[in-house]
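What follows is a set of structures to go through.
Both complexes shown next keep subunit A, but they swap its partner, so subunit B is in the first and subunit C is in the second.
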Partner chain A sequence: MHETTILQVEGLVTEFKSERGIVNAVNKVSFDLERGQTLGIVGESGSGKSVTNLSILRLIEYPPGRITGGKVLFHDQDLLSVSENEMLSIRGKHISMIFQDPLTSLNPVIKVWKQIAETLMLHQGMKKQEAKKQAIELLRIIGIPDPEMRAECYPHQFSGGMRQRVMIAMALSCNPDILIADEPTTALDVTIQAQILDLIREKKEQYQTSVIMITHDLGVIAEMCDQVCVMYAGRIVERAGVEALFGSPKHPYTRGLLESIPRMGNVGTQRLHSIKGSPPDLANLPPGCPFRDRCDKAMDICASQLPPEVVLQEAEGERTVACWLYPQEGKHGRA
Partner chain B sequence: MGKYIVKRLLSLIPVLIGVSLIVFFMVRLIPGSALQMYMGTQVEATPEQMEQLKRLFGEDKPIPVLYIEWVGDIMRGDFGYSLRTGRPVLPDILSRLPISLELTLYSLVLALLIGIPLGILSSLKQDTFGDFLNRIIGLIGLSLPQFWLAALMVIAFSSSQGWIPMGNYVSLFENPLQNLKMFFLPSLAIGFGFAAVVMRYTRNSMLEVLQMDYVRTAKAKGLPKRKVIIIHALKNAILPVITVTGFNAGYLLGGSIVIEEVFALPGMGRLALYAINQRDYPVIQAIMLVIASLFVLVNLVTDLVYAMADPRIRLVDEEK
Partner chain C sequence: MKTPRIVRNKIALAGLIVILLYVLMSIVSLFWLPFNPVAMNSAEVLQGPSLASGHLFGTDEFGRDVLSRIMKGTSVSFIISVSATALGAVIGIFMGVWAGYLGGKTDNAIMRFADILFAFPSLLLAIFIMAILGEHTYNVVLAIGIVYIPQFARISRGSIIALKGNEFIRAAKSNGAGRTYILRHHLLPNITAPLIVQISLSLSTAILLESALSFLGLGVQPPDPSWGNMLSSARKVMMFAPWTAIYPGLAIVLLVLGFNLLGDGLRDILDPRLRNVR
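== the complex of A and B ==
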């Protein structure tokens, strides 16, 4: 663990019991989050990005879900082995989350200020009146006009963008070390998306917060992140700095993702690339690489053996990729 | 809001007109008139005496004319006199109304006090032994007829001092403790089935709400489980329970009629039962009007409570 590493996830495994058997939603996932850094986790639906982050906060419902392996090191303690009570003082205080759909993520029958003040009273020991004042102040900081009046409103009286601002105010209220943003802009209009991303970036710099940004939108990744993890079928298949990833993607899946972004110049002249097939059934994973059926570079070995993570040293720094195209450990990868 | 309440209260008028029409003509469809019930089979009377009696019992005019006269009387606040006792109807009803209301309210409170906590527990321990046991008892509660449960209670507790009223009714203001003790079993008999309904609604509603995103948000804030359940989940899960409680309050009032008879409580239900047996038309009619008014009021209160519990509901004038 480096001195600057604030969160280290190691070999995390989360499984769900389903009617068709055990599903490994997260399968031996490891990554580091550096202090003040924004780490992007990208992947399609069901690739395990959200489950990974819910597992960090131990918010997986049992049954059906269960974290069965790995470590989540935060400030030298393994969050997976601390007591539930200790976990309560970490959630919302040191690590907080914002979610995809701000309409359903805010309680519809509780006033907005109360939902923010609750966290302050819980973690900062504030009295009700003090917490209310602070909640209104947070609403102002986060860009809600006329916060005194709006604080008395209920979530349904806010627009989608306003609601996400409230969520952010709530998440940042205790000045957390880590903010996990789970698809924070997916449910919003494009213009509002940009505002929300700006807000997250601004507050992140202001409060020196480390951010984990979960998204399936590569545009968000390019705009916000320093490091990127690409997830596929519960595994991280590639990890690199954002420029390295966009500049020279290594894993065929990452390449496929990047090629399926429409480009201005090509509109109308070229068909949009798409990755053929669909993600594998996690309850029934065949041996070998889970991407091989959709991969145009698949080889014999891909069908029988799971590719290990290979560390590649490049001028910009270390990166990893899990693909048989890069078999030798520690050697330079082909561009 | 005030305007809304006034409007709802005004809707009482057409309801009462409808109820009065139905009741007035329905009670006269029951075979045997009040006069026949009064005369029995033994007594002989001369034609002159019969004429007099008919006038006394209001059987000398066509029914529509009688209806109009009756409505006119009520407009002046005169509910008429009992054909059996000769006493004015209204004071008799008003003196018995509190007993029926207390019984209904008491059974409602008992049902909610039993049903809501058990429903929450069941939802938190979904599909465990406790949950199954809870649901089975609930099913039994739903299936048991109230009067049967009441009769069993009378048999089981008849030797226990003070639990069965048996004619020695004490009002709430005289001796609250004894009154509440005396009303406990009758209220339980009425409310037990409804407690099962409340339990099932609470359980299902909680199971749904516990899956919601905002419950996950509350957990992500670091709130302890107890607070997540009581503050964030229950506040939402209670909404369908409010609706079903409103529906059932009227049903509980109806249940009190039979139960008052079993426990010999001098309530409005008992009065109604005797009045129907004796074809005491003025009493039956007045009681039905009171019950219909209560029904409308209960619905109004339910809507107001719902609007208080759910800020997304705004009470607006219906016509627009």
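== the complex of A and C ==
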């Protein structure tokens, strides 16, 4: 663990019981988050990006979900082994989260200021009036016009973008060390998306917050992140700096993802690229690499053995990739 | 100064006025009644309503003034319906929200208990409880309250289950809110609409249940008047003295209507999504 590492996830396993057996939604995921850094987690639906982050905050509903292995080290403390009461004082205060759908993430029958003030009263012991003042101030900071009047509104009187701003105000109210943004712009218009991303970036720099950005939008990754983890079928298949990843993707899945971005120049002349096939059934994972059926570089070994994570030392920094194309090049990473 | 929403909502206002009139009537009855409601007067048996005699709603088969008895019965009916509903609602909602929120074994245990109570028709269950406890006004409250427990439990459990999967509950958790906090501040305010409807229905059915119990001789005991035992005794004479049945009946109908109107209006008022955007 480096001096600057604020969160270290190691070998995280989260499983869900389903009718068809146990699903390993997150399977031995490891990554580090450096202070002040933005880490992107990208992957398609069901790849385990959201579950990974809900597991960090221990927000997995049991049953059916359960965290069965690994460590989440935050300030030398394993979040997976602290008591639920200690967890309550970490959520919202040290690590907070923004959710995908701002339309459903706010309580419809509680006034906006009250929902922001709630976190302040819970974690900072503020009295109601003081918390209200602070909540209005936060609304002003995140760019809601006429915050005194707006604070008295109910969420349904806000637009989607404004509601996401309120969510951000709530998440940042206690000045957390880590902000987890779970697809914060997926449900918003493109124009609003840019505003929200700018807001997150601005506040991140202002408060020195580390950010985990979950998304399936590679454009967001390119714009926001320093480090990127690419997830597939509950595992991280490639982890690298954002420039290295976009410049020379190593894992065939990452390459496929990058090639499927539509480009302006090719409109009308070329069919959009897509990765053939569909993600594997997580309840029934075959041995070997989960991506091999869709991979055009599949070899014999891919069918029988799971590729270990291999650390490659590059000019831009460290890169980890889990693919048999890069066997034993460097020393083994965490399997 | 804005007019309170309850005044702007015509339906709720009408209900409120009706209920306030009854409250007024029951308060007045504590200090003043036109006649002694339990004093028999053989000279004035079964008199029709008339201004001249002072018996505005007539007299019953013992010569007692019907209006005085209705007024006296108001407080009884009121106290019984309000306290029985409160009893059932408090216990039922408490059981229901925890069952719904915790799920699993707790849910199963609580709801199977509620199912057992639910298996009996409400009047039958109330009669059964009265038979065990004995005939007393307090026991009527207890009997009706117990009948209500499973109804409130089921409604609140269902609403909580529908709600707890919502993203905002998860968002509240991610902000560090604990279980009790989420239940009190996020879940309960969201289920007020169905609960208020249920409370208003319960208030009115409590009056009907109390009347039914008294009618069967299990509720308020004669000579003390209640609307139910007034109807019960009127049954024998209502063919030639209809006023003995009509006025207590009207008293019941109007109060039930008042509660229903108020409940309906309150539901609209309390749900911010149904309010006009300012």
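We take it that the second predicted complex is superposed on the first by the 329 of 335 C-alpha atoms of A that agree within 3 Å, B and C clash if a C-alpha of one lies under 4 Å from a C-alpha of the other, contacts with A are read in each partner's own complex, and residues count from 1 in each chain.
The rule is short, and it goes like this: a contact is a pair of C-beta atoms (placed from the backbone, for glycine too) under 8 Å apart; a residue touches a chain by one contact, two chains touch by 3 or more.
As the structure is a prediction and not an experimental result, all values here were calculated from the model.
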TODO: Identify whether subunit B and subunit C fit side by side or clash on subunit A in the overlaid structures.
DONE: clash
TODO: Determine, under the contact definition given at the top, whether A:122 touches first (subunit B), second (subunit C), both, or neither.
DONE: both
Task: subunit B versus subunit C as contact partner of A:110, first or second or both or neither - done: both
TODO: Classify the contacts of A:101 with the two partner chains as first (subunit B alone), second (subunit C alone), both, or neither.
DONE: both
Open item on the list: Quick check for you: in the superposed arrangement, does A:154 touch first (subunit B), second (subunit C), both or neither?
Closed with: both
Open item on the list: On the A-aligned overlay, A:315 touches which partner chain: subunit B = first, subunit C = second, or both, or neither?
Closed with: neither
Task: On subunit A, the residue positions that both subunit B and subunit C contact, one per complex - done: 57, 59, 88-93, 96-97, 99, 101, 104-110, 118-119, 122-123, 154, 156, 167, 170
TODO: Show which residues of subunit C lie in contact with subunit A when the two form their complex.
DONE: 104, 166-168, 170-178, 181, 185-186, 189-190, 192, 271-273, 277
TODO: State the interface residues of subunit A toward subunit B in the complex, per the touch definition above.
DONE: 57, 59, 87-93, 96-97, 99, 101, 104-110, 118-119, 122-123, 154, 156, 167, 170
Open item on the list: For the complex, give me every residue of subunit A touching subunit C.
Closed with: 57, 59, 63, 85, 88-93, 96-97, 99-101, 104-110, 118-119, 122-123, 154, 156-157, 167, 170-171
Open item on the list: For the complex, give me every residue of subunit B touching subunit A.
Closed with: 212-214, 216-224, 231-232, 235-236, 309-312
